[in-house]
Structure formats: C-alpha cells, structure tokens
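Structure in structure tokens, see below.
Naming follows writing order (A, B, C, D and E), and every chain is counted from residue 1.
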C-alpha cells in the first residue's frame, strides 16, 4: 500500500534521515521504532507531505505522491497524527472530529453524525459535547485518532500515540487500534514504547541516527544487538548477553 | 484657549449622559438664553483650525452678550454649544444631532469641506441652519440644501479675485511677471485652484511653467523647491496648509530659489502671524489672497485686543467664525425667535453689513453670499498688512520683491 | 528634469536618514520584544515637544539637548514597558497592539490638551544654512541628521555586540528560554530594550526638529514610514533599518520627482509589499516567519 | 445559537434591548450615534471572520471598506450607474480586494505580525492611490448627488435607514453563524488553532484562508458602501484611513473575537464608552479620548476573552468550569 | 543539597506530576530515567522556576526556591542545560559562554572561561565562530559549557545524549564524570539507561508523573523490571 524508497533529508548540515526505505502492506500494522532523535518524525513529515525530501520517493497505492501537499495526500486516504496532540480549542470534541469528517462530508449534519459515530466507536460517546481543551492526555490521544479516522483515511501514520499514557490506557488504545484494523485500516506507527509495538505490529523498522538499522518481527528486533544498543546505550547488548549466559 | 474642568462640571456631567441624550427639553427651559452651535474639529488633524474657529465664535458671543444680547428677545444671551467633530465626517454628522437636541437655533462650522458636507446634510433634516465659516469647496452650495449659508467666499471666487488682483499688481509693475509655478495641496481647494489658474493665467500673459501637487502631510519640499527653481518661474503661487507652507518656504530659501513674488491663494501660513514670527526672513513680502477682516472696524479692533489678551494668534479662522456668529446674531435680532424655520428665513433674507469682514451687504443666493470677497495681505516686517482692496488697505503693496 | 536627479537622490538620502533614525528604535523593539509598538509615533511627538520646550524656555540648542532628552526618554521607555505594556498585556500580541494604541491615544490627546495643536518650530540661527555637495544645496540640519544616522546605527550595533547588556538583549531576542537559564532577567531586559528604543526616537527628535515642526499630530507623519523601514530592513536588524531608511528616502524622492509628489509615497509602499512578498525577512533579515 | 451561560444571554439581551430601545426613545442623538456604531459593527464583523475565526489579525481592513465605498461611488458618480447596482458592485469589489490581498499574502505564508503589516501597507497604498487619481476624485473625494428615494438608496428618514442597517447587521450575523456552523467555519477555527494539524486533516489551508478574506472583503465592502449611502461623501482618509482599520479590530477583540455576538457587543460597548467619555468631560476635547483609552487598557487587562468571555463566567449552566468560546 | 518534596504540577487543568520526592546530595550524580511524556521536562521546569508547582516544595541548600524567578534560581547556583540546548545560534561561542556567566562577578569570568575551555578543547578552537554552525554534539558541549560558566553547585542536564552519535555519547558521559569530579552535583535526565546508570550514583525512574523505582544505580541496572519498561521484554 505504501512504498518508501531511499528517502533522505538534511537540515543545514545535519543529515536527519538518510536512505530510508520501507513498505507497509495493506491491512498490516507496521512499527517505526528508534530512540529519541533518530529521525522517525522527520520520516513522517516527508511521507505525509509536510516537508519535501532531498531525495527518494513515496508511493501510495501505486501512485507517486512525493512532494504533494498534505491536504492532497490526505484526500487520497493517508493521514498522519502528531506526537504533541493539540485539539482545536474553541470546538467541542464532536466538532473536532467533524473537522476530519468534513473532508468527504460537506454538510454539517452528515459530518457531525459521522463524528458522533466515530467518537462512539473510540469510546468517547460521553464526552462529545465537552470542549476539547478539557480532555486529559489519554482523551486527546483518542481524539487525535478519531479525527484522523473521520477523514476516511485508509492508512494512518500514528506518531507516538502511546507516549505519556499509563499502562491501562495503553491497553485501551491497543484494543482500539486492533479494532480499527479489523475494520480494514492500515497503520504505520512510530512508537517508543516497545511493549505496545510488540503486541500490535507484524513488522517493525528500527531507525537510529537517521538510518535504518534493522527490520523484522518486533520479537526478533528486541534481541538484535544493534537495536538494544541503540535503545539502552553502548555496552547494553554485551551486558544482556552476559546475563543470559549467567 | 484653556479648558478647565471643575468639580461641579464633573458632577453635572455624571448625570449628563442620561439627561442630555434622553430628555432634551429640560435644558431648554432656562430662560433668557438662545443657543447657537459651534461645530468644529477640536481633536484630530484639523484641531488647530477648529480650535481657532471655536475661539473666534466665543469672542463674538462674549462681545454680543456684553453689549446686551439679542435685543429683540429681551436681551437674551447667546449661549454657545461647542461640539467636537473630531476631524471625521461621520462624527460631524452625529454632532449635529447633539446640537439639535441641545436646542440650538443655528450653528457655525466646520473648517474642512468634508466635515461641512456631512454636517449640513445632517442639519437639513432638522431645518437647522449652518452658517459656514470656512467651506471653500463649491459642492457645498451646489446641493440645493436650504439650510446652507456660506458667508465666506469659495474657492472659485477666491481664485478669480486673486487673479484680478494679480493682474493689477503686475500691470502696476510693468508686467515683470511672465511665468508662474503653482504648488498646491492635493485636496479640494488646492486642486480646484490649480485648475482655474492653469486656465486663466495665460489670459493675463502669464505662462504656467510648472504645476506641482503634493499630499498633506508632506515631509520634504527639497524636490519641489528644485523643480520651481528649474522652471525659472517669476512667481510662485502656492496653496497649502501651514505645516507644509512652512517647510516649503524654508526649502525655497535653502535651495536659493529667486522669485519676483510669492503670491499664495488661501495659503494657510502666509496670513498666519505665527508663521511670520517664526520665519521672519522667508516670510517677507509674501502675499496671500485669503479671508481677512477689515482691520479698521471697531469690532475688529476689539477682536484683536481680545485675542491678544487670550494669548491667541489672530488667524483668519478666528475672524470668520467671529463674523458668522455676528451674522447669526443679526438674524436672531430680526426673527426675534429661537425657532429654526424662522431662523432660516431670517438668514435667507439677511442684508447684514456690520460684520468685521470687508464685505458688502450680505446676500445669500443658493446659500452662497454673493457679496463676500477675499482680500490680499502681505507680510511686512513683523506684521500682516492688508493691501487689497484699496478701501480697506493698511499698506501699499510691494510688488515685485525688491532686489537685495 | 535629468539635472534634478542627483539633487533628488541626495535630498532623498537626507530624508531617508531621518526615517532610519526613527526606525532604529522601532526595529530594536520589534526585533527583541516581537511587538508592534503603535505608540512609537506618539513618543516621537513627545520627544519633539521636549526638545522644543527645552529650546523655547531654556534656550537650549536642539543638538545640545541630546544628553538631556536621551536619558529621560530611556527612563520613560523603561517605565512604560515595565509598568504598563508588559503587565497589562498578559503576553498576548493582540493585547500589546491595543495597549500601545491606547497609549498613543493618551499621549496624543494629552499633548493636544496641554500644548494645543499649534504648529511650533524652533528659531535657530543656522535654520537656513546649507551645505553644497556636488552642486546641490543640502540643509545643514539634514546633513547633520544624515551624519548622525550613519553614526548611530553602527554605534548601537557596537553596543549590542560588545557590551554585557547588549549581548543579554540579543540573547533574549534569539532564545528567550536559554537567556532565562543563564540568569538573565527577561522582563528587565525587555524594558531596557524598550528604553533604548525610546531613546533612539528621542535622538531622532533632536535631529529632526531643526528642520521640521512639531504638533500633537506630527507622529503620524512618520510612523507608517518607520514601520515600512523596519520591515524592509529586516525585523530587528539595525544596519538593515539604516539601509532601508536611506533606500526609502531615495525611492520616495525619485518617485516624487517622476510620478508627482502626491504619488511619491506609493514607491515606498510598493517596495514594502514587494519585499514582504518576495523576501519576507527583509533586506538583512535572517529568518522569515 | 448556543450561548453557554446566563451571563452571555444577559449580554445579548441587553444589546438587543438597546438596539430596539432606539425606536422607543425617539432621540435623534441615540439613533445617529447607533447608526454610526452599526456601520462600524459590520466592518468589525468583517474583521471577525479572518481575525476572529481564522486567527489572521489584519491591521488594514480599511483596504476592504474603502474599496467597497469607492467602487460604489465611482460607478454612481463617474458612470451614472444605478445606486443598487453600484452598491452590489461595492460588495463584490470588497470581496475581490480581500481575495487579492489574501492570495498574495498567504501564497508566501505570511502570518502574525507580517500579515498584519502587509494589510496595513495595502490600505495605505490604496489611500495614496485614491487621493492621487482623477477617477477617485483625488484629494477632493467623491460626492453622491443628494437625491432621496428608494431608487437611489438614499433614505433621509433615519428610522428607515436604521431599520435597514439592523436588518443588514442581522443578516451578516446570521451569515457569521452559518459560517461558524459550517465546514468552512470549522476549517477556519482549525487553522487558527493549529495549522499543521489542519493540513494533516486534508484542509487546503491556503484556499480556506483566501476564501475567508473574500468573505471578509464582501462584508467590509458592504460596510463601506453603506457608509457612502449614509453620508453621500467619501475621501481617501475617511474610508482608507487607519482609523477604520483600528475600529474594525478593536470591537471584536473587546467584545470577543471568534464569536457571533462579540463584534456587535464590543462595538456598541466601545461607542457607548466613547460617548460617555465625551459627556463626562464635555469641555475638554481630547481628554475624553484619554479617558476612553484608559478604560480600554483596563478592559484589555481584565477581559482576556472579551465581554463575551467575561459573561461566560457568570451563571454557567453546567457546573463544569470550561473555557468555552460562545 | 536539592530537596524536592511532594511536588505536584501541570499545565492548565492537566496534572503532570503527581507528588514527587527527590534528593540530590552535594557532589552526587543522580539519574532521572523515563520515556517520552512522563513528566521529566516538567520536573526540570519546576526546579528552574518556569512552572510554579501546585503543591510541594523545592529547596536548595536549605532555602525554599520554588516561586523564585528563573534568573534568581540561576544566581542561587543551579544551572540547567535544557532539552534542545537553547543555545544562542547567532551569537559566537565566546558570547554564548560569557552569557553563561551573566550573574557572576566579572572578576571570576575569565577564570571560569579558562576552566570551560580546558574541559571542552573543541570549543576553544572555535571561539569566534557562531554557535549555529556547530554540530549537534558540539552544541551540546557548548550548552553544558555555558551552564558551567555560572559556577553551579548543581547542574541539571536534560537528555544530553539526544541525537548524538555513539562516539559522541561516550564522550559526553566521560565529560559528565569529569565535571562531577570537580565537585559539581549533576541531575541527569536521560533515556540512555545503560550509560546513565553507568555514571550515576543513584537513579529514579519516572512513569506517568510518579516514581516507580528508585535506588542505587547498580541495583537498578540489575533489576529486570527496568528492562521490561524499556524494551517490553
């Protein structure tokens, strides 16, 4: 569904992303992992059209979308969410979701109905009329997801949707993502929380220093020495190795 | 002019909003006064002229009241109702409502044509007479409004009189002036004046070699001075406001522009004593064709004394406002009533010839006083002398400027 | 007309220097506090009155008034920012706009009330002196202002670059959080900056009055051009303001010469819009927004 | 319309009561004053579309107002076009000018104070142009021939004009409400709150912002054209001056930007304040502005969300302490 | 030296920190671990005076400092090197460093300057260069150097290893040890668990605004729960 080939981007002299390629098959959940500052979000901004890559291409459903503006990419069915969730203050939760729904439903009634529907599906039925600015972090994350879903997107790029949540909330979100996937949606998700990725994703790519260092099933990745080092720091892999042998 | 608020005013004022706006009749029941409005821009960019005008109106009212008020109304005192048009037409218009509600019988104003157009139109709805102090744009008297009375000359008359006088001067000097440069502000009076000049000057054998319009405010006159210099004009005919005139006069001097005469028309500075005081050298021999009083009349002398006692410069704004209040007072004497309609009739029938202005008997035709006329002044030493028409003159004109 | 081009360019440069002087203070305030100070014109007017009265009552020459007026206006600016603008605006850009607007209304109308709208100009012996440069006569006062602007911008720049206060101001402008973390009191620094900006306007007033006049409305005559100069030069760039001021003076002068004086200012605003559209960061600006 | 609290309802009821009381009081001062306030309210409502809902603060709404007034005046004076048609063209010209300024400014991503200064400059360029060319009457301005009648859109009876204005203001507010409740309105608010998130949700932010300028321009042109029909005279300072731009933004900010009622309530409140100041200090022209400005500063400090925001704090229907906008 | 007790804080209606207690003793390196969004930066902002806590107190050298202005807290002896470094990119390295000593008497500035130059020889080579031209690692060093210029008793480092190459990370941690050896206490906020626990004496693990683990660094390193939290194993 999504093919990214040799994506590169530098800011000033800093090579933020170099030569990243990845595939997201339809109906799958693919993780994009890596420590802070590895270049994950930069990848997202390029895939979703917010910044133009210096090199490489992005193909969505067989069509080259490299360099298209975000609203056109969104109209084709791919949408990104943001790591720092900022609901539109001044609008209620339902109206927030409706902003997404308006993409394909120009009438307020239809959009609001769809928003209500999506909100309920994501367990926000009792907070639809509340001002969005009053939501907790977990609520905001759900709202972000709901807004994205309401656009009718087929592929969702989720940026750290679990960050800042407590384990019970993470479990809820994991459940919701599974449910959405069952409905036929595809995900590419940036995650820092390995636990969540392990329980959701079939495949994951690990990015460090702007480069892909590994990819495969998450369960294998956590055993990969380069991944462990990227996460826990130099020497960690050796130490783990020692413990295993001990 | 000093405005002071005392505590009583403030106390009175706290209730004023409700009282004056909602129940106009209360204030009218005070007896032996008759109210006359003064609508002038006291704030904003026209504040200078507006404040001067308001002062002139006050001097006139004081004088009339001291002399026993309106005799046909048992010596009723004139009470001026002064409102601030804020240099904005819509405020001028809504200030007319305030005047009407305060019960004025007529009002004077309003310095700038844009303000006068708006106010007189609003006043027409009340049959309330506006006696224009300054309102040079001709469209003021071309709308057929029955409540418009322009006591002073408009731009057309000012320009044609200026041309006649210029012709006399030039002939008297042996036609030394052959070329002219015109510098004018780009508003209604300047533009209109320039148009008439361009058409009429050649008939007097004077070629217009340069016409330059400039905005108000304008910050630098160096280029204009250079262009005037390059045009080698014998005479400069400027028409602009005091600030620009001051800068222009300085630039002319700095750029060493040699002119046989400076002959301004409704020039804001050339008949302003403040300009003369602060720019002694460049002001010498400058002539102006403008509104001005007859300095020989008793009232004029009294006005000059009053203004000087108040520490106020005697500008033409003070004079014309003084005169318009005189006109209104005369009509009040004749109508003997504070009825607005009667006031309109009295004004329309006015033949008043006792004003401080050097005019013939007042005669309003379509609201325009046909017997008004501008005069020529010339700056001599520290004084502004009146040089034309001869019967009022305080000095002989010097034309052209004597060579140094 | 071609013989007028050189004098027109020169007199444009002279006028442009005045624009630059007025814009210096504005660009400093804009660059550091990121606020649009609508009271700038009114502060100029206030300074012009101060210089005028020093001359009128005490006979102090406008140029000799500089050491008196500058510190007073620095203190005034400091107090306005510390005591009024900052506490009343609660940090919102829109509020700052309204407060400086209200402030200018207060200053203008108090001036009108106390000093009336009379046009005043100083009577100085050298009022009509000129300097002849390349055959053009330039008013002495303008030439002095030109020289002062050429000196003031680099001096201010040196102050910014090489003093402790200067680098604190730059630090706050570039990275407010970082500045706080090294112990810079941001509110104090903002107020100092506003004070310097106001002192710049006072300097402009001292240099302008000998060739100009003062009325309570005179601020409006310069403030829009000053805004243009700031944006054209690049927000916060002192040297940019100098160059932009001079450039605008020349553009205005030449447009006036060729298009007519009424349209002369159009050149300024066309230049302004073009710069904003094609290089939003201004001539010497670093970052656009 | 959903008002969130008894306080807001009280404010709206007070405004309506005031507007209707003008009929009963038969005071020419009130009616004249309120007519002026209502014309300003329309330009304030115009600013509210871009500045309030869209978060694009313009300092140059006079550009739209003046264009509406001049377009209508030029057609009537120079070409003898019927007043109604000219009036319509005034609105269209305002919209076109809005679209033009928006298209230029937003293409290069100008925001915040840059956008504000560009609009300021546009208004200033237009002011200079209007005072320089013959077709606009140059410095003399343009004056409509005094000719009362329905055909010429001149109504000497001010009660009639007031009623027309009330209807127009109501219509503009209704349109504002429709915008607020529409896809377009939701998009505008989304752009104001977070432009990146809005783009991610498929919003063509450039198009929406330009459209907002077009609508705002139509309202602004409408206000200008109404001013012309009322005073029959315009010149460049009157309709392109910075006073118009300031009045356009000050009312909504004080009343509550991004609300339907805020611009009207703010404008009425400020005009009442200005009138009150004039009556408190009747013999000191200028000092009334000082008083006005001091109250304005206090209002800025005390009303972070305008009058509507303040009113929202009183008598909230539900006990939850929300920071809603009306 | 630094005593934090019962701190609660947040943004608007969102509570981020829910009652934290933490101590840093003189001369100690303490690590504060936790993944994104758990409240590490909020805690930093409370310590350095940018956020007022809704409950609890922060005291430094026996004096309560919460409620003081950030500039006063710097003057009291706490220097913070924030996440994202917040250096002044348009200013030269020399200017950046000198500004670090803004609250210090001029007499000592030269001395401190020399000291920082000795610790960071790379910076010394480019004193006249503008800070924006430095690489990420060098910028991080500059930020630390700037912090050191205020002669702090406590240096707070927020994610100093963020975005650095492995080699650079090694160097950074070596530097931290070196600074600490001069007697400066360090509060190290990190995601690089291994390296942090390697240099720290004690550590706290923050999750959702609460400390879930705390203790000696060596003990924590051996605790499988830590790895669970980080890698999901």
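Here, a residue touches a chain if its C-beta (ideal position, glycine included) is under 8 Å from a C-beta of that chain, and two chains touch if they have at least 3 such contacts.
This is a predicted model, so every value here is computed, not measured.
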- [ ] In contact with chain A and with chain B at once: which chains are those? Just list them.
- [x] D
Task: Labels of chains that are neighbours to chain B and to chain E - done: C
Open item on the list: Quick check for the class: compute each chain's Cα centroid; which one is farthest from the centroid of chain D?
Closed with: E
Task: From chain C, the most remote chain by mean C-alpha position - done: A
Task: Mean-CA-position distance for chain D and chain B (Å) - done: 36
Task: CA centroid of chain D to CA centroid of chain E, Å - done: 51
Open item on the list: With centres defined as the mean C-alpha position, give me the chain C-chain D separation in Å.
Closed with: 31
Task: Distance from chain D to chain A - Cα centre to Cα centre, in angstrom - done: 43
Open item on the list: I need the residues of chain C touching at least two other chains; which ones are they?
Closed with: 109, 112-113, 260, 262, 265
Task: Where chain D touches two or more other chains at once, by residue number - done: 128, 131-132, 139, 284-287, 289
Open item on the list: Going by the contact rule already set, what residues in chain B reach two or more other chains?
Closed with: 3, 43, 47, 186, 213, 215
Task: All pairs of touching chains, each written as two labels joined by a dash - done: A-D, A-E, B-C, B-D, C-D, C-E
Task: Interface residues, chain D side, partner chain B - complex - done: 25, 27-33, 35-36, 39, 128, 131-132, 138-141, 143, 145-146, 156, 158, 227, 230-233, 235, 238, 243, 275-276, 278-287, 289
Task: Residue ranges of chain D in contact with chain C within the complex - done: 57, 59, 104-105, 107-114, 116-118, 120-122, 124-125, 128-129, 131-132, 139, 242, 246, 249-250, 253, 257, 284-287, 289-290, 292-294, 296-297, 300-301, 304
- [ ] Please name which positions on chain A make contact with chain D in the complex.
- [x] 48, 50, 69-71, 74-75, 79-82, 86-91, 95, 98-100, 102-103, 106-108, 111, 130-131, 133-134, 147-148, 151
Task: chain E - residues contacting chain A, complex - done: 12-14, 35-38, 132, 135-136, 159, 161-163, 165-166, 169-170, 191-196, 198, 207-208, 227-228, 230-233
- [ ] Quick one: which bits of chain C touch chain E in the complex? Just the residue numbers, please.
- [x] 164, 167-168, 170-171, 174-175, 177-186, 286
